[in-house]
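Next, two complexes with chain A in common: one pairs it with chain B, the other with chain C.
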Partner chain A sequence: MTVRWDLAATWAAVLAVTLAGWGLAAATLPVPDYYLPPPTAVFAAFGDLVVKGILPTYIAESLRRMLLAALIGLAAGVPLGLVLGMSRRVADFAYPLLNFFQSVSGIAWLPLMLVWFGFGERTILVAVNYTVLFPVIFNALLGVRSVPRLYVNALRTLGASRWRIVRDVLLPGALPSIATGMRLGLAYGWRALIAAEMLVGAHGLGFMIFNAQAFHLTARIMLGMGTIGVLWLVLDYFLLRPLEEATISRWGLVQR
Partner chain B sequence: MLPAIFLPPPGDVLRTAWELARDGSLWVNIAASLGRVLLGVVVSAPLAVALGVLVGLSRRLAAVLEPIASFFNALSGIAWLPLAVTWFGLGWTSVTFIMFNTIFFLVFFNTLIGVRTVPRIFEHAVSTLGGSRRHLILHVLIPGALPSIVTGLHMGIGFGWRALIAAEMIATSTGLGFLIYNAANFHQTDTILVGIVTIGLLWLGTDRFILQPLERRTVERWGLVSTAP
Partner chain C sequence: MPAKIALKGLGHEYVNPFTRERVVALDGVDLEVGEGEFLTVVGPSGCGKTTLLNILAGLMPPARGVVLLDGRPVTGPGRDRGVVFQEFAILPWRTVERNIAHGLEIQGVPRAERAAVVRRFVDLVGLSGFEKKYPHELSGGMKQRVAVARTLAANPEVMLMDEPFASVDAQTRITLQEELNAIAQATGKTILFVTHNVEEAVFLGDRCCVLSRRPGRVKALVPVGIPRERRTWKLFTSDAAFAATKDRVLALVREEVGGEDERP
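After this line comes the complex of A and B, so read on.
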């Protein structure tokens, strides 16, 4: 427990020093206020946007889109990756395709989505879901392929059904890889979401910071950046990392 | 039947690819995008490694700076764009700034982690044998942190490449991101598809022929080969 307090104290001290240095720089540097607004302006913007309800609404919008992409990634990407990975021939065929599609970021598809779906919610959702989905499918497939044949054969020899093999061998064996895929997919997806919100501009944190730039509301940009960073840290620290660690330590990749 | 605007036949896409290659615009845009990635790496990676090692020398300083680095890691990529445009206007400075922030913090953070995971016994061994501080850095800390550094570089370029495509759509008038975004304005779906495939192939090539071999070599040479108990 003492370690945790140490950590909290360190974070608080770092934050205080950063804010003080930033405030000093903003007060002394000969640049206009919109170049480097003082921290107080960012806090004022925070209060202002919370009172007006804009910030909570935009956070909710962005998180809703992200959550949807995560759920679809889990519900569709994982089973698809598992199924594709089960047959060596299918996996060999799908591997280069999936690798290609996961290496094209969703944001590169955005121009095509704009032609197909126009400027709107649907374009954002497709771009984000695409970005999340492919790393998940790809890593689920890799995970299944990395399960030693020996285990599958052992269960089969003992008379297990196909379903038993999937449930007791392939899925657990692929879990660490799936967790990695989820973490990577969501990390890319979160950034694709911000970019898509900037370009398509329909609510959300990306829209907020991009729009603020047009009006030189730099304090609002910094507030948005802080929010984006903190939201991701919270998501990563409390959801994705525990998931990854739990699966990896559960399924024996930890040596000690 | 879909109109060609929505989904051009493969023949059209190939013909457009040929035309873009022949009039040189494809190569110009590829060179612009790759040049920006390269510039970003050259400007940020050496600095990030140097600072990461220096900070890692002091465990206390490392503990203090780690939260800052992990925050900026979480922020990496396109979120820097509005601030970049405010500070530097539209153009290559803004794009370089975004690439710098994306690659720098990922490499810095991973260097820091890498240095901190070098077992202290190696440091003590070299020190006991009379190794200088310079020895310690060059022969223990940097080699020990190398797998982590390369991982950071791999991630940084991965995130950077994606951020670059998005940034080029908004802040520049060259590059593959600009090519496809501009084509969308004119509903040139064939050009968009040529651009998308180029973006994918370039990343696959970079990953396969530069980053993965680099990673494999460092890991084989330094990393996961553990000392006997």
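After this line comes the complex of A and C, so read on.
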């Protein structure tokens, strides 16, 4: 991955101007401090929470939950999507069902899950896993359906077994779609995680920003929001994109 | 000599999903292909050429009749019949050499032996230096060379080719036809080659089977009778025997195209 210095410089400039404008607004607008704390207050909150070890702990907690959901989503969602996608009839049946459950996000399930699984870790994990899982299954299914029949036929005439066709044709052919599903699933899951942590309140970044609101710690809320965004950028840029580039772009399946 | 491939009373029909109309694609096709023979099948578009080839490949069961390979009925696809498809059917996520080796991998041929066979066929189809390339880095003609090499490397008893050179440019097509001619001569494979291009059919075939318009039947079998080593495009354009055969086949196909504005 090459560093685009011109782009980095533009971003640094935009960031500096934004921070300066924000600082100016915070200093001049006739509102109490907790309405709009200056950027310096957010940085101070950052320093404070790092020193106390709260921020690192909460970040680690949120990332651990996310990683678990990603692994389960991959391990369970991909095979399930592949199997469902292999038969046209099964796929036609499953399509609206998966689409339905994908749209009813984990956040909408939370009230029910709280009743079923209680105010604790279990509810958070179920909500996040659910949210990650459906886009992964759904897109894996779409991926299999999008593999040209011609490739399957070509392998059949070479004497390939069913398992061989799954391994050599359907799985790699579905990979672009699986990568999309992973990216979408994790993006949805990240949001569901924050929401679940807010409601359940057992550590994590969501808990941190929700809890700070009770004490009017606005700077801490902003810090939490910024951290959520930055962490996602890092995850996406260093984990999901390289994965996509290592395989799919190289095969010429994605036109850039 | 017993027939390598025999089609007996082959018939097929399908239902047009939009109009619900029943279309008879093939009707009572009887045809025999000898061991080591290069048979080309030519006919107007829509006469069921591709259907015929797919049935032979075992990719679809015929509605009526049987396909015999060495006297045994064909019931599904198998590695005794290699297929080169019209569209480029090589896998985009495999390099040239891994595509060519695919049939051998499926057969469980050990790695070292595989590499040797791949090298031989890479050379045969003129792809040296491109072994590590992915299909999207190749031209249409090169992709089809990979497909031909993949089929040959798997060493099928019979090669079935469905308008394999229809989607490459004219210049490349001429080269590929001459190369296929050389390959046929070198390997002695039984080949059934489907095309709508009369010149191609006459240039390549030991015999040329003309199909009637839909529903497809065997209209005529025209022997070409020109030795393989004399089959170059340079000779083709000047040789009287070639010209006469081509005109004969062209006339037969023209009768079938009829009033339709379509040139074979």
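We take it that the second predicted complex is superposed on the first by the 242 of 256 C-alpha atoms of A that agree within 3 Å, B and C clash if a C-alpha of one lies under 4 Å from a C-alpha of the other, contacts with A are read in each partner's own complex, and residues count from 1 in each chain.
Note that contacts are C-beta pairs under 8 Å (C-beta built on N, C-alpha and C of every residue); 3 or more make two chains touch, one makes a residue touch a chain.
Since the structure is predicted, the reported quantities are computational estimates derived from the model, not experimental observations.
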First, second, both or neither for A:V144, with chain B first and chain C second: neither
Which of chain B and chain C A:I178 touches, first, second, both or neither: neither
Partner chain in contact with A:F100 - chain B first, chain C second, else both or neither: first
First (chain B), second (chain C), both or neither touched by A:D168: second
Partner chain in contact with A:A160 - chain B first, chain C second, else both or neither: second
Contacts of A:L199 with chain B and chain C, given as first, second, both or neither: first
Touched partner set for A:W11, first chain B, second chain C, both or neither: first
Chain B versus chain C, judged by how many residues of chain A each one touches: B
Which superposed partner A:L125 touches (first chain B, second chain C, both, neither): neither
On chain A, the residue positions that both chain B and chain C contact, one per complex: none
In the complex, chain A residues that touch chain B: 10-11, 13-14, 18, 34-35, 99-101, 103-105, 107-112, 114-116, 187-188, 191-192, 194-195, 198-199, 206, 209-210, 212-213, 216, 218, 221-222, 224-225, 228-230, 232-233, 236
For the chain B and chain A complex, residues of the former touching the latter: 5-6, 63-65, 67-68, 70-72, 74-83, 85-87, 159, 161-163, 165-166, 169-170, 176-177, 180-181, 183-184, 187, 189, 192-193, 195-196, 199-201, 203-204, 207
Chain C residues touching chain A - in the complex, by the definition given at the top: 57-59, 76-79, 81-83, 85, 87, 89-93, 102-103, 106-107, 134-137, 150, 154
Interface residues, chain A side, partner chain C - complex: 150-151, 153-161, 164, 168-169, 172-173, 175, 247, 250-253
